[in-house]
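In the two assemblies presented below, chain A is common to both, partnered first by chain B and then by chain C.
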Partner chain A sequence: MKNTLRQVFHSGKFVAGFCIFAFILLMMIIYPLINPGNPLERIGVGTFAKPGTYVSLYDTVDTETETFKLADADDKRLAKILSDSDRVSMVEWLTQAEVDLTGVSMNDTEKLLDLWHANYDDSIRLKGMTKAQRNYYVRLNNSLNNASKADTLTVTDVDPDTNEVVEKTKIQKTDYVNVGDVANTKTLPLGTDNFGRDVLKELVSACGTSIMIGLIAGLVATFIGLLLGLLAGYLGGVADDIIMFITNIFTVIPSFVLLILISYSLGQDQRGATTVAIVIGLTSWVWTTRSVRSQVISLRNRDHVNLSKLSGHSLMRIIMTDILPYIASYVVMAFILQVSSGILAEAQLSLLGLGPKTTEVPTLGLMMNWAMLYSAHLNGSWWAYFPVILTIAGISFSMNLMNTGLDQVFNPTLRD
Partner chain B sequence: MKGYRKYFTKKVIWFAITFVVALALNFILPRLMPADPVAAITGRLVSGSSDATAAAKVYEHYQEEFGTNKPMLEQFWIYIKNLFSGNMGTSFSQYPRSVNEIISSAIWWTICLQLPAIIVGWLIGNLLGALAAYIRKGFDKVLMPLSLFLSSIPAFGMAVILLVFFAVNLKVAPVSGAYGFDMIPNLSWKFIGSVISHYQLPFWSIVLISIGGQAVGMRSMSIYELNADYVKYARFLGIKDRKIVGYVFRNAMLPQVTGLALSIGTMIGGALVAEIIFSYPGLGSVMYSAVTAADYPLISATTLIITIMVLIVTFLLDLVYALIDPRVKAAQFD
Partner chain C sequence: MNTRKLVSLVIALAMVMTMCLSASAETVTELPRNESLYFAGQQWGAVATWNPIGVNQNNAMACTAQAIGSRTLMFETLYMYNFMDGSMTPLLADGDYAWNDGMTEMTVKLNKAAKWSDGTAITSADVVATWDIANKIGNGTATNYAAFISAIEAVDDNTILIKSALTEAGAPVNPLKVVEFLGNAFIVQKAWIETVAARNNDDATAILNDKADDVVWSGPYTKYISNDQQVVLIRDDNYWGQDASMWGKLPVPKYIVHTIFADNAAGETALKAGEIDVCQQFIGNIQDLWLKDGLPISTYMEEAPYQVCLTMPTAFFNQNIAACQNVTLRKAIALAVDYDSIIANAMTNQSPTFTDVPRSLMNPTEGEQALYDHDAVKDLQWAGNDIEGAIKLLDEAGIVDTDGDGWRELDGEKITLNACCPNGWTDWQASMEIVADAGKNIGVDITTLYPEWSVYQTVFTNPSQTEYAIFMYSPDGAGPAQPWGRIRQFMGGDLVGVENNWTGNWGQYTNARADEILAAIPVTTDEAELKALYTEAVEIYLTEVPSFSLMYRPAVFHEVNESVWTNYPDATDGRNIPPADCTDGYGIAALYELELVNP
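Presenting the complex of A and B:
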């Protein structure tokens, strides 16, 4: 046993897979310690907040300021104000006014603004321009002028007694606050999802649930598969015929279809994460049965098994000591594959809308389902679905790697 | 040819039995569950109305329509009879369209998308796997982890990644559907062009996924065969390497055909979910809309059609397998 383990951990592929999986597991354990709380809590009111650090605007007003004179501050400010469509409109106006635009790129804010300030005049009437468009340019020009002119911004407050507007404070362009001094900041490394939940926190929790679903499904499938395979292979005869009859039928009927039928029939209220996991396990034992049976058949007539039989050992003991150790490696490999396909099956079911109940726990499939329902992939909210895909791929990749590594250890012909 | 006929008959009988079991499961599973599906449908239909007699009327009507008030065995006969006369009922969510109509318009999209994609992915994957086994060294070192990673990405994940990259960001492919939303299916060049451009992303997402899995399988099969005794013997005899490689890959191919037959169900399942991402009007999208609308007749018809599709493909692959591997036929003489 010790020797086998040492051999297994000498396989580069297995170790690589094991490390990836261990990293995912560690993240699942450590992250909730750093950032405790309910993963399903809705912290944002809007949908799909971008990843990054959010600073309370309200608190910054009262925070102590430092003055910095930074040379490129104005340019940066202007570049942020100017949206892409504004830039296009500016270039359009300049072209219509027959200004020479050679050598000026749209993203070169400084040059574009220089040209604009030099040439724009609201009295110029360009051909074919409606009044609304003219007004738009006037507004654009004003906002550009204000952004570069005004040096202070006045924050006012309403006095509750007199209903008078009183000046609260003045903010200079050169005022800066230290993010550490602001009372309320929130870092969302992966933003929020369509419900305004913290995606990273949800992802970590979903990852745990999905691995649990995979494990339960794998255990159920391996248990049934092992039991039926041992019975069919060792007993032979009628038991073998009956079991193989059922197995052959379920090999051809796609388990995906059975999964859909059962999940749909269960109904939304009955489908907890555990139920879904068991259903997945119940529909995916066929492979294990087949391989265990063929292994057992080749073992059944070996000398050491016959010797045990002659010594009068019980069926249980023969199976436990003379057969199981020889097929253990196959069973472990089958189990690993079952776990990763169980996770995938849950994700696919959830995408169809047949996954676990949505109110209790997040799963990777449910997160994907919600992201797709709210068109995260079309509105550019990559943080809502890409980490989920990456996590699913990472888990199955690590398991596939471990499996290939084990395969090479136990099947010497496959070794590099 | 005698062996082949025996094999063929045996296979036909097997698939007939499997088909009957699939039918029975499709019929029984939803009826075994504790919840009464008819009550659920009625509840949804009359929600908001307080008229109890109306609710009872609706319930009776649907009981009559589904025949749930009759004994189980009789229900099964009616179900089989309807099925063989080509009547799968009426859809709830897309009333008054019949389920037949919805399925027959969707099934061709699915077949034309998945069949070529799986075949192309299988061919490319096997070629790459065989090359990796033969060349080894650098090629294998890069290809092996890459295919392993590719095969780990779920089909819908690959669909989303391709969609976002090519359709949303680069805008070189359409975002959804199987043809331009402003078009009516006809046989003009414009329509065919639109179909082809909508076809690319779903097609390649399935191909990429199947390449990975097949390459990994073919690689280990080829390595296994390359180390077999007959190869060593052939080398001792001085047979040319090129000729040996030909034999080796023919032998390594065989388990890959069975592998395809056995995994086709899983592959189709994954690809059906990927259809939803592209809103491709195939069976996957039909199933999705049926599930969201709790359209029971449509769900059971889709699952049945998918089962039948998988059964037919597996059956054909089994026949092909016997044709290319003489050992299968020989086994029939024992």
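Presenting the complex of A and C:
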């Protein structure tokens, strides 16, 4: 055993795959410790908040400030609301409105703004201007008006006793707060999803569910495949014919179609994560049966098997002690592949809306399903689906790497 | 070997040929872009029939008859309803309609200029024939109005008399529904109706399903191309409405094109690309299209809620399920639901909140809101997410967790409810998720269930179903008969037990007082009295909670891309054209005023 393990860990591919998988598993264990709580809790009220650190605006007002005089602060402030294309649009509007622009350069912000404030009027309807363009100029004008206000911003509050508006504090352009001093900040490394849930937290939890689904599916498929393969291969004859007949029927029916039909007919209220896992397992045992059978056929006429037969050992004992150990490495490899394809199958099913019902647990497929239903791929919310795709790819890639590594160790024809 | 090669080559060639052939059969006809107005979000799947007196036409552009204003591109109604101000603009009619004193008879004059596409005049005989055939074969017009109109008679060639159906006391059942009829029912030519009836041997089912390829129309457009890729209507340049008594001109676009998309995402992509001009789809965070992406797309209003909300998708409690008969439980669930989340999330703020517009039986328009006394029902209102309040209600009513499994029991049995809506209706699904969460927060086990629409529609319209406990549907938006119609949809006892019920009260709720109010409203003319009735209805609704609205929503979404066309209706333009996708009710007026961005 020790020797086998050493051999296995000598394979570069296996080690690479193992490391990726171990990293994912570690994340699943460690992250909930750092960020505990219900992964399905909605923290954001809107949809798809982008990744980053959020600072409570309310709390910053009461936070102690430092004064910094940064030379480029004003420019940055302006650049945030007045992009180069905005400048072009402003010049276009002024030209259309027949304002004299001679001697005004596009980069001469001060002059441009002066001209703009002097001439812009949202009641002017320029010829050929669409509603969308008019709205754009109104928005631009509003943000320019807001930005060019004085150096101080006054925060006011309503006195609950007198209902009078009282000044609460003044904020200078040069006031800065240390993020560490603000009472409430929230870091969302992967933003929020369509329900306003923390994507990273959900992803870590979904990873666990999906691996669990993969394991159950893999166990079911491997168990059925192994059992039927062993029986068919060892018994031969009529038993082999019957088992292979059934297996062949399942081979020609695409298993994914079968999977869709079963999931659909189960109905959504019956589809828990475990049920889906079992259904996936029940539809993917076919090729394990076929390959186990062919391995067993090549084993069953070996001398040590014949010797056991002559010694009068039971069928069970022969299979368990004389055949199974010889194909064990193969079965383990098949199992790993079954797990990885089980995870993929769940993702595919959920993407079609046939996955586990949604309120109970997050799965990788369900996360993708909701992201797609909310058009995350159209509105640029990559954080809602891309990390999920990467995770699925990571899991199945690591498993396939481990499988190839094991193959190199155990398959004599591939051995160096 | 060579023969094999040859055979495979031939087969490959044959396959390529078949692909080319089938592809050419499906080619989308190229139309001049600056003469065509492209639509999305109305038509799904290929058109079935062009039959204005039929059923199941699946023909959104030509045969959509609805209370918020029928789509009068090909067939026309007597009046055009404007849901912005509730006004009725004459279309086939001439001038305003006139009631007699008891509102038992209404006189409508027809426009003498109105002509059918075959050049014959539109007369009272056509209106009478339309009403008669509707009742004979039982189409949508009959289902909606037979209870409210007893007969339509011709006074002379251009004058018709519509008689209200009367109660036993001799009062009209509901004059509001008679007014609604004017803007809803398509008027169809008598001669054509006779042809259809004759060729189907007067068989009702056959007439309802007649393909009607030879149909005679009166509207500004007619059918041009129709397949599973697109539906194209072409302008009828002989349209009678050019007459100075109507529009005085033809609508601007020569072609009305509806591309048939597989799903909302495809339609949204096409709208963004400028391939679609007018889009009737829910698009989440619509403001990002102009704020972030800088696309020339806009809605009716520049600020949230961006659209004119006329209806409120509602979760109904199924009274066939024992737990749902418990008022306290109903109210507790409704209290616990986080509506702000639903509005921010499912509707991406394209709806006013229940703090802006407190819940009632009225839609959020100013007109309907003014109908009831807000202060009188103030204490009954709830804004939602009141977990403590809901828990307190349940605890006080003795609906508690007795066996310690974390879920409450009612009469010794664990309360298990499902929250259902059709699969793929994402904003509704998100709402149901939030309702299920509310259940978890107050210890009531609610799970979500999303059947396919084909299944859903057969279950929720079945009056004895017990499969869905809490399920969603939308009451009607605006219309001349609102909010009476909506009150009936929420609490109308006459709808209980109706098989194949598409009209309303899907939860089978009954309340004797509500029925009395429903009977009284249509015949009450005194405003103070009317207000008292409406207020009482709201009071019953908020106390009894037979259902709870989850958000406000537009009756039609209206998003336009100004890459090719401009001068669409706008909240600030003072033209009073409703944002009804340039097609519905008085919204069609927009078609006459469109302009090209680059003429």
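In this section, the second predicted complex is superposed on the first by the 350 of 416 C-alpha atoms of A that agree within 3 Å, B and C clash if a C-alpha of one lies under 4 Å from a C-alpha of the other, contacts with A are read in each partner's own complex, and residues count from 1 in each chain.
By our rule, a residue touches a chain if its C-beta (ideal position, glycine included) is under 8 Å from a C-beta of that chain, and two chains touch if they have at least 3 such contacts.
Only a predicted model underlies this, so the values are computations on that prediction, with no experimental measurement involved.
In the superposition on chain A, A:Thr109 contacts neither chain B nor chain C.
Once the two structures are superposed, chain B and chain C can be ranked by residues of chain A touched, with B on top. In the superposition on chain A, A:Gly196 makes contact with chain C only, while chain B stays out of contact range.
Contacts of A:Gly128 after superposition on the shared chain: chain C is touched, whereas chain B is not. By the touch criterion stated above, A:Thr65 is placed in contact with neither chain B nor chain C.
Contact with both chain B and chain C is seen for A:Leu378 once the two complexes are overlaid on the shared chain.
Within the superposed three-chain model, A:Thr47 lies in touch with chain C and out of touch with chain B [touch as defined at top].
Looking at the shared chain after the overlay, A:Lys357 reaches chain C, while chain B stays out of its contact range. Of the two partner chains, neither chain B nor chain C is touched by A:Asn35.
By the touch criterion defined above, A:Tyr136 reaches chain C but does not reach chain B. Common to the chain B-facing and chain C-facing surfaces of chain A are residues 267, 353, 372, 378, 380.
Listing the residues of chain A that touch chain B in their complex gives 248-249, 251-258, 260-262, 264-267, 270, 340-341, 344, 347-348, 351-354, 368, 372, 377-378, 380, 382, 385-386, 389, 392-394, 396-397, 400-401, 404, 407, 411, 413-414, 416. Across the interface of their complex, chain A is touched by residues 14-15, 17-18, 21-22, 25-26, 29-30, 32-33, 35, 37, 40, 136, 145, 148-149, 151-154, 156-157, 160-161, 163-164, 168, 175, 216, 220, 223-224, 227, 262, 265-266, 268-270, 272-273, 276-277, 287-288, 291-292, 299-300, 303, 306-307, 310-311, 314 of chain B. Within the complex, the chain C residues that touch chain A are 264-265, 268-269, 272, 283-285, 288, 290-292, 294-298, 302, 340-341, 344-345, 348-349, 418, 423-424, 426, 429-430, 433-434, 436-437, 447-451, 562, 566-568, 570, 597-598. Interface of chain A with chain C (complex): residues 42, 45-48, 128, 130-133, 135-136, 138-139, 194-196, 267-269, 353, 357-360, 372-375, 378-380.
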